[in-house]
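Multiple structures follow.
One chain, subunit A, appears in both complexes that follow, with subunit B as partner in the first and subunit C in the second.
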Partner chain A sequence: MSTGAPAAAPSTATSSISSRFNARNLLREPLLGPLVALVIAIVIFSSVSNSFLNPQNVSLILQQSVVVGILAVGQTLIILTSGIDLSIGAVAVFGTIVMAQSAGAGGPFLALGSTLLVCVVFGAVNGGLVTALRLPPFIVTLGTFTAIQAATRLLAGSETYRVEPGALTFLGTSFRIGSFSTTYGVVTMLLVYLVMWYALSQTAWGKHVYAVGGNPQASNLSGIKSQRVLFSVYLTTGVIAAIAAWAALGRIPNADPNAYQNANLESITAVVIGGTSLFGGRGGVGGTLVGTLIVGVLRNGLTQAGVDNLYQNIATGVLVIVAVAVDQFARRRSQ
Partner chain B sequence: MTTTTSGTPVLEARGLVKKYGNVTAINGADFELRAGEVLAVIGDNGAGKTSLIKALAGAVVPDSGEMRMNGTPVSFKNTRDARAAGIETVYQDLAVVQALDIASNLYLGREVRRKGLAGSLFRRLDMPKMREDASQHLADLKIGIKSVNQAVETLSGGQRQGVAVARAAAFGRGVIIMDEPTAALGVRESGQVIDLIQSIRDRGIPVVLISHDMPHVFEVADRIHIHRLGQRAGVVDPKTRSMSEVVALMTGAEEPTDEERAGL
Partner chain C sequence: MFGKRHTSTQLVGAALVAGTLVLGLTGCGGSGSDEVKVGLITKTDSNPYFVKLREAAQAQADKDGAKLIALAGAFDGDNEGQVAAIENMVGQGVKGILITPNSSTGVLDAIKKARDAGVVVIALDTATDPEDAVDATFATDNKAAGVSQGKWVKGALGTAAPQVVMLDGTPGGTVDTFRHDGFLEGFGIANGSPEIVGQENTNGDQTKAQTAMENILQRAPGINALYTINEPAAAGAYQAIQAANRANQITIGSIDGSCTGIADVKAGKIGATVLQFPAKMAELGVQAVVKFAKDGTKPSGFNDTGSQLVTDKPVAGLESKDTAWGEQNCWGKAGS
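Then we have the complex of A and B:
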């Protein structure tokens, strides 16, 4: 599709002006709001607690953000297509059980492979129902979430499964950069962000994801195979869920069917706080990374300040509603 | 201006029929677009203009009838086929993605990748080239937009129309079809679109203009195709017929001459 270029035009002076840095563009930059919120949160918490900006604490915040942070990348993709995924957390938890059980039977690499396969199949089921049957993603993933959660308990039989240290816990291994200690899980999370940032902003596939989310009719008329793009997004999200499952076992080497109950909602929270529109077609993984960090900083900071967990949930909830309200306001103004 | 052998129509249709259940949207319609002309297609609401245009653009597959492009029989199964044949359509709702920038919109579905490994293996887009070419295409049509990095939603209605037209003009090698391009625009912006249509014709690309706006039609069209009851009622010359006569022909109050009926 990308070969039909028109005749090359001679270089003009206008194009260099058009790509030049512009202060007004910076103010329109959608990352600005979330970044300011993150900086304010860090300033407040570091003035309340002296240990907040300690390397150990910063490292802890990053490690605590890994699983939700990775899931939020998949969630960003789905929300960009104006969908929503209520099942990605449950898929990852199912993945951890599959990984732990199959590791006992066939070793760690079979375990990683079968987890990847299972998660991609779940992605294909969601994507198939959304594209082939044209069902709303909210309903589809609500259904698969309920079914997968039950299947997880059937598979695990209300037990937890310990995994042996090795390939499956590799993402929990820590290493030092100077005095700063972090894990390969954090690196993996950042890599997932980097890869998806590239795919969304530098490839035709990325443009098509935005187009399908922003204006499906225009996408079809432009010759984009919208349903195929949509399906690929759900498949990719399956892969991301498998990576999150791996990272989860790195963090706690124990596959627990009742773990990460809030991860799905927290991934949506991170995406929305990061400025990706629930109406699709605008936002990106950069914002989601900031959103993930805001949630991580808020939880960690409030914990250090001695605020009860339930109050933290209230604070996160308020933040989500504010973020959606800002998005709604921005959309109305642009129309 | 003529790019093909004079006499052979660029795009031609004979006896097109399209039925939706009991409703006949196209009832044996003929169509003929000549090289280098602006052909206006007018007709009352429900006359079947849109269905005819969709058939020409590949968005609707007719039940029967034949189509020829430069004398060669063609059949379009979808808009991709028609685009591959060089027919570009500017839709009434513009088919632009508001949140994407102008350059991305211009190349949507036809992105250009970088040369070498970056493009083939890593699928990296050549955004600098696309931006540069997009600026050039806008400049060619004298569309005044400062930066092609702007999101389309930051543009005025006329500028958005300009982007959609520039996209069609950039890729439309054979025919450009415009569906009601001035319907949603103010007076000044409509004037800009009329200028755009003329500059596309000046580049030798024939334009099919669907419009309700008689003054615009008379300003820019070389011939007027009058559509009535799913068929071509006739083709008239705007220089020999007045606006009120054309409206009378459109509503059936007046009968076309034999020559007009034959589409000569």
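Then we have the complex of A and C:
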């Protein structure tokens, strides 16, 4: 019904962008492409559906993005070091089971503590195998993914555990800012992004992460302890997985060993759509936030428009390929 | 010069994205706002059972002048996907949601929010726990279906001393438990009875069932009666049984009523199956939502959509239909 308006949108965007930005900016700012895509998607959906931009719906999109959005921060760190983490979702699911079970035994704070510990240990295992044994992250995390998924079912006895409302479901609690109602989970997600953005862009550690990912040999020669930086990245990812586990129980107060099976891949999708290069050293968490929101906006908007599930997945798949293609072109041109 | 090229690369990407979106939207423009919107959320997209459910819902919606929005979880256990689907449907103003819950407890909070927002929620195929978390349930009485399977296997076995193997689905699954317990009741034994010589979880998956059966045949070669959670599990078990040259010595019962399963019954691979009626669940569900939209009447309680024992080897005293009838009433395509 309104194909005219969306068709016009890209061309308006074209003229304003090409006049303001040049190649250097685009290469330095891989954020720009995803941002344009997000704006276009929002323009299209708000023209198709009146309710798309109402505060309630925007809040929904954010709430639906929380778990994968947090995991994607950890995934961004790993991918920036030219690695990949296939286990991050499985670690978080394991975390939810630990949290639910230990809450029954020792209360919510012991539960949060033991979840953090367990997730960091998994991060250390991944990081140790990648740094000490110099194994490729893809294979290491494929192995830990398979093992952790099975361990989750063993631990849970393939049962689901309902979590009592309280500290463990706190991130699902909503509050209002004016007419906008949102959850503490959304705030937590944004905080995780903010902290990691600061760490990556404003600290020496962040510079080292980019250096290790962009060119490990050169960064070694320049005196950066590459393996130590890499290991710290995997540890941090463990912490982030624990936060995601907490947020997951806020969203659905039910620890389910079968839940979030696609979270690993969805987090990679968000990172890639957000413009972070799979070759490492290029991109950042800002892009990942945009990538996460693009996926959330697509799912919500296409549902509002009455589009079938499978078409939604096709749209996401196309986006991933487009994003990688754009990254490839940008890299090739810059060489 | 270079600048222009980079810019255009990025923008080609953005334009492609926009194109995808527009493409996705063209199918759905121009829907009137007075139409009753009905949401359908199945467990997954990947099972012909749910395809049948969805096609029947679509047909009924077309007949009643309603608009059907169909979404699904990405995999068995995808609570997050189903919760997001519920939220998005409520945001879109559906009158009612028909859902086959992935976990009987995982989606309860989202269902409550939907009902609080004035949406009627109906469970199809799988009940929630507690059952009154939804307005009504349209499903097979899986216990009764299990009883039919158990009675038939017992009857077909005759006077032989039973050595029973149970190929279950997922431990703790609501449907799985009902079928399992129903079978035991119909067969006349109890959990833990010495007649049960083997028990494995197959997730209703053909490959896993085959592996499980191969192992069981090594361990308990004397088995003569087999319970299967569904027809893919039965087909997998049959592969293993045939490979062990035991094809005609083990009585296999199953549940589902897919056209592939009926074909297996006809070919003698499965002894008998109990056919369910997914189309009926979907039709009744859509009708109930449309009725609610018209006059505010809410459906309630558990509504059994029935099941039917199908076999070409009828057992005396046990009502059954033959595979010719099964072929007329099955769901999905044979051989798929």
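Operating definition for what follows: the second predicted complex is superposed on the first by the 307 of 335 C-alpha atoms of A that agree within 3 Å, B and C clash if a C-alpha of one lies under 4 Å from a C-alpha of the other, contacts with A are read in each partner's own complex, and residues count from 1 in each chain.
The rule is simple: contacts are C-beta pairs under 8 Å (C-beta built on N, C-alpha and C of every residue); 3 or more make two chains touch, one makes a residue touch a chain.
Because the structure is predicted, anything quoted here is derived from the model rather than measured.
S.K.: First (subunit B), second (subunit C), both or neither: which does A:Thr173 touch?
M.R.: neither
S.K.: According to the contact criterion defined above, which of subunit B and subunit C contacts more residues of subunit A?
M.R.: Ranking subunit B and subunit C by residues of subunit A touched puts C first.
S.K.: Quick check on the superposed pair: does A:Gly214 touch subunit B, subunit C, both, or neither? Answer first, second, both or neither.
M.R.: Only subunit B; A:Gly214 stays clear of subunit C.
S.K.: One more residue to check, A:Thr146. First (subunit B), second (subunit C), both or neither?
M.R.: A:Thr146 sits against neither subunit B nor subunit C.
S.K.: Subunit A residues touched by both subunit B and subunit C?
M.R.: 1-2, 6, 9-10, 14, 17-18, 22
S.K.: Mind listing the subunit C positions that touch subunit A in their complex?
M.R.: 2-18, 20-22, 24-31, 45, 67, 69-72, 74-80, 83-85, 87-89, 91-93, 102-103, 105-107, 109-110, 170-172, 201
S.K.: Please give the residue numbers of subunit A that touch subunit C in the complex, ascending.
M.R.: Those residues of subunit A that touch subunit C are 1-3, 6-7, 9-10, 13-14, 17-18, 21-24, 26-27, 32-33, 36-37, 40-41, 44-45, 48-49, 51, 56-57, 60, 63-64, 67, 157-160, 162, 248, 251-254, 256-262, 298-312, 314-315, 318-319, 322-323, 325-326, 329-330, 333.
S.K.: Could you pull out which subunit B residues touch subunit A in their complex?
M.R.: 59, 79-80, 83, 89, 91, 93-100, 104, 108-113, 122-125, 127-129, 131-133, 135-137, 139, 146-149, 153-154, 170-171
S.K.: Which residues of subunit A touch subunit B in the complex?
M.R.: Those in contact with subunit B are residues 1-2, 4-6, 8-12, 14-15, 17-19, 22, 25, 198, 202-205, 207-208, 210-211, 214-215, 217-224, 281-282, 334-335.
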